[in-house]
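So that we are looking at the same thing, I have put the structure below in structure tokens.
Think of it as A, B, C and D in the order they're written, each chain with its own count starting at 1.
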């Protein structure tokens, strides 16, 4: 930590800070500049946090130097992790393709979408039973009935299930049916939910808050990790900017930035970032090339009748183009397409 | 609703849309342009929502024309509402000053802050017992013990209590002690929590999500209203932008924008918007002048030792300047300072 | 300046930096932390800039401590400045109301708008002869003919003229007719233009770039000041955010932030920030209350026929409400309405 | 165009609009809704623009339907264009790699950087002689001397030169030495400069304004095209967001979005977007995969001593990795690496 004093700070102000830092066992190095004094702190950063140094007289600014997260940082965990979802890996050596309908509407629709996904090379199936919707008048999902459909489709197709949980009170029932729990963009800072999924015993897919910084996102992952669950996969899904041509702006740079500071896997959701079907294939290609550990996309057998996000769901030629990209591009960046791995078959639970 | 067809749309595409709209009892007016065709829809907008028109062939864009919220809109409720919090009004005729510490740390600190607030003209007291913090390693609040302190300080000072609830599972216990439930910026889109406070029987202070549009914020209020609770006060607290000089950018224009479209009261939180003590007084003056129904600010008897947001807490000369502004400016914009109203004394519950 | 080394930096990396800093006469204080080393630099900051320290091996980050601008900073010029525009002050003791049409369309329209402005209490007239427009197909202004109209209207009304210059090649001709040169939001970083107005001998109204940080804006003012022209007035006109309800988001906090770090006057343009007529009066009130040194607003005798920004131009009841605010509110924040000052009459040049 | 009337609009308001539209030869289709009336306009959009419909009584909103740009649109020019820079193509069939130092510092440094670039597969050389800098105290470039160095290095290496012009008054001299004129992010809305390069007879590289929407960017290209110059290449270089981990946020989606609406080529600048050397290679790979027509990157023989943007300049292993990506990836997305094309040798002018 570095404390920058204001130009008006007195020698007494500096002395009080040094004393306070030393009172918790830290060391303070004072550098007097022409205009300002700088104090470098050495010692246990957590103990410094409780000193409220920012509130002390004469303090202009406090710069944090090391990362505020620990369990998810690469600082003490240099290699990159692989998270296994019922036998399917998401990590640095593979490229994992996850697909399915935005919302579970019926068994027939879900099964058909899952079969489309599987045929295109997907090894995990997505589908929402609980939908967080901006409007209370929009379709909110089938709830437990949707979870049962997902279970049944998993048995039929062999694809493990990723599904969203929106309320801490639902974690138990969702964990009963799902293989991976998704925390959505609107809930990235719902700390009660983060703690609940941290105790669920299931891997977690943590979407980036649509206006969260990467650091805040990693802090959210730290909440989950702190409850003993390190099986967290991050998902970049676009951030809010002034550009109206896409629903959000896919922050593709977040992939290498996260990989440089955290050991957790990171995948990309081009469907929700763009909100436009015509961008899914190029953005998926970009995700593979930038080094993402996977992509998650919306597919639907009949987008015109979809109850949720129809305009971004893939089918037909687009889905074939995506399937081809998922087969051909990962080897160019040193990865194995996860669908080509042999895997222990899924058995009903 | 207006549907704009793509330049490539066929006459058949248009006919299918007209047919679909008419199938739910709506009317469709077709205007053929040189390049594009436009279809204006007339009828029940909710029935149109379920048609997933965006997903149909030939559709380029769908423009919504009327507001997506109803209960909180001025469209069917022209006057502006007053919300009463244990006898204290927040609404168009008054200006309400709410103050207190960011976090409840002890009974002594809370009582002292509440007395500072009251002396400065505050008629409601704020203070956090449950704190949503970005870091799992930061102080998370005293919980139920904090609520009991707030109750006890209310009895001592007569100031009704506004406090945050961060988890739907805590709504009952918070409602037992608090006079107004605050939903914080990170939870604006936590729909389970919104529904729970909507059923709590207490007035709600709904902060704007730090990156929510005004429309999304009003939709969040609609979630609460839909559960039968129209006692919702909105609170503008700054939005996330690229400007680093302030923690967030106070969107002062949101006050008149909200007042033009919703009947709900709206107040301003300059402390969390700016994150800097030196801006609280000028921003509070601006809030009064722009027509806000109140302000909510952090005060602390000893900001240097505060466990939360010390750098933005007011005391001494700044608090006196704010007290003066709250007395002098509201009459200039046709309002009564709420602290000058006679009021039924608060009796212990 | 503070240099934060990466965790991987070697003792040799640190030694090379110390040596480099000392080679230009600076001092370097090294603080070794558990994970990282921090180096505080003391000495002439300009000489450090040329060292390209960020590019050196082992350097993680470089924090600048003091302001990067000098001539416009309060650091060596503690009081706040007043800029005089042909006898009209803009500064800390007064509140200056500037009004006029967005674009000069004809002598009749400009004269009528100027008379409306004057009747409402304006002491300076605005009006554009050269218009920077996003579309090459939009009205680009009358050019020199517009300047001549402005001169003639100044003679008729006695109001000094503020007008925009968009090209360094036009500075001489605009300076011949105008009393204050405006640099618009799109040209805030047009450094050739900034230098040209810095040599023009006329006071300058420098609008904030619609996505400039406050620091970048002050650096733009520094460009003008560096050419010997300290008569610069800053104008906050809204920044680009994700909120669509207003054209831009008025950053009202920028007023006290600028006043804390720069001695230059600062005014507010609510018309271009909001782009909506109904917000001009409340935002002008907020500007006065927050401590702005003036406001600049669009007025037009016939907004329906305006060739530019008609929807935001005031007339009638709104203009009267604004006139009243400009008379009544400034004394509440310790200012004199500039229109009540006696002033040497304007003589034709 | 579609006009949405306010709920309060009268039949008379509607009639006045219809009349006005018909007065310029347009047709107006009126759809009366339960709450609002919608008017669809058919006819020449330019004539409608001059009507200032937004300013008319009863008008709530005006939605533009077709693109506001023409010459750069695909609407009347369905194929995608190739721009030739002294024999080097930038367009849909190839992938063009442009590299060089941020600033020209000396002949030796420029030559060495150009040779590095060429060895890595670059077919065009970049380098700045006129540098737009935020601070007036920063290095502003060598000016004409820098242009002469670039000419001389072109003769030595055979690489055509792309260089920035920052002032309309310099266009002639820059065009004399350069093969392609770059308009930088700060000047995207400097309309005088756009018109000047539009008349220069040289191809133009138009960077996106760091906070410009894609539509504004295409309108800037339209300014150039309108002066008779259709040899415009767009360059995405990151937009300003709240995320601090990168200097700007590379809007990778802009590539397919632009390609869907404009026939102009588009390349990506990962160096200025990220501002971090470690992201250049992954972002370049993403750019190729998403379908960009080229990339432009900073290289420098000695980044530690660079006078401009040293921290983002590539050399050594990173540059080799980039060279490999440029050779291997373009064929995966159906493109030819432009360096493998035979080309007429560059002759000194």
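As a working rule, a contact is a pair of C-beta atoms (placed from the backbone, for glycine too) under 8 Å apart; a residue touches a chain by one contact, two chains touch by 3 or more.
Since this is a predicted model, take the numbers as computed values, not measurements.
In this assembly, the chain whose C-alpha centre lies farthest from chain B is D. Note on C-D: across the candidates A-B, A-C or B-D, the interface recurring with over half of the contact pairs conserved by residue number is A-B. One finds 40 Å separating the Cα centroids of chain B and chain D. As a whole-number value, the distance joining the C-alpha centres of chain A and chain D reads 32 Å. With each centre defined as the average position of its C-alpha atoms, the distance from chain A to chain B rounds to 28 Å. Contact of a single residue of chain B with at least two other chains is seen at positions 211, 240-242. Interchain contacts join each chain to each other chain, per the touch definition above. Within the complex formed with chain B, the chain C residues making contact are 211, 213-215, 239, 241-246, 249-257, 260, 273-274, 278-279, 282-283, 285-291, 328-329, 332-333. Of all residues in chain B, those touching chain A in their complex are 46, 49-50, 52, 54-57, 68-69, 132-138, 166-169, 186-187, 189-192, 210-211, 216, 219, 222-223, 226, 240, 303-307, 310-311, 313. Listing the residues of chain D that touch chain B in their complex gives 2, 4, 7, 29, 31-36, 38, 40-43, 63, 65-66, 75, 211, 240-242.
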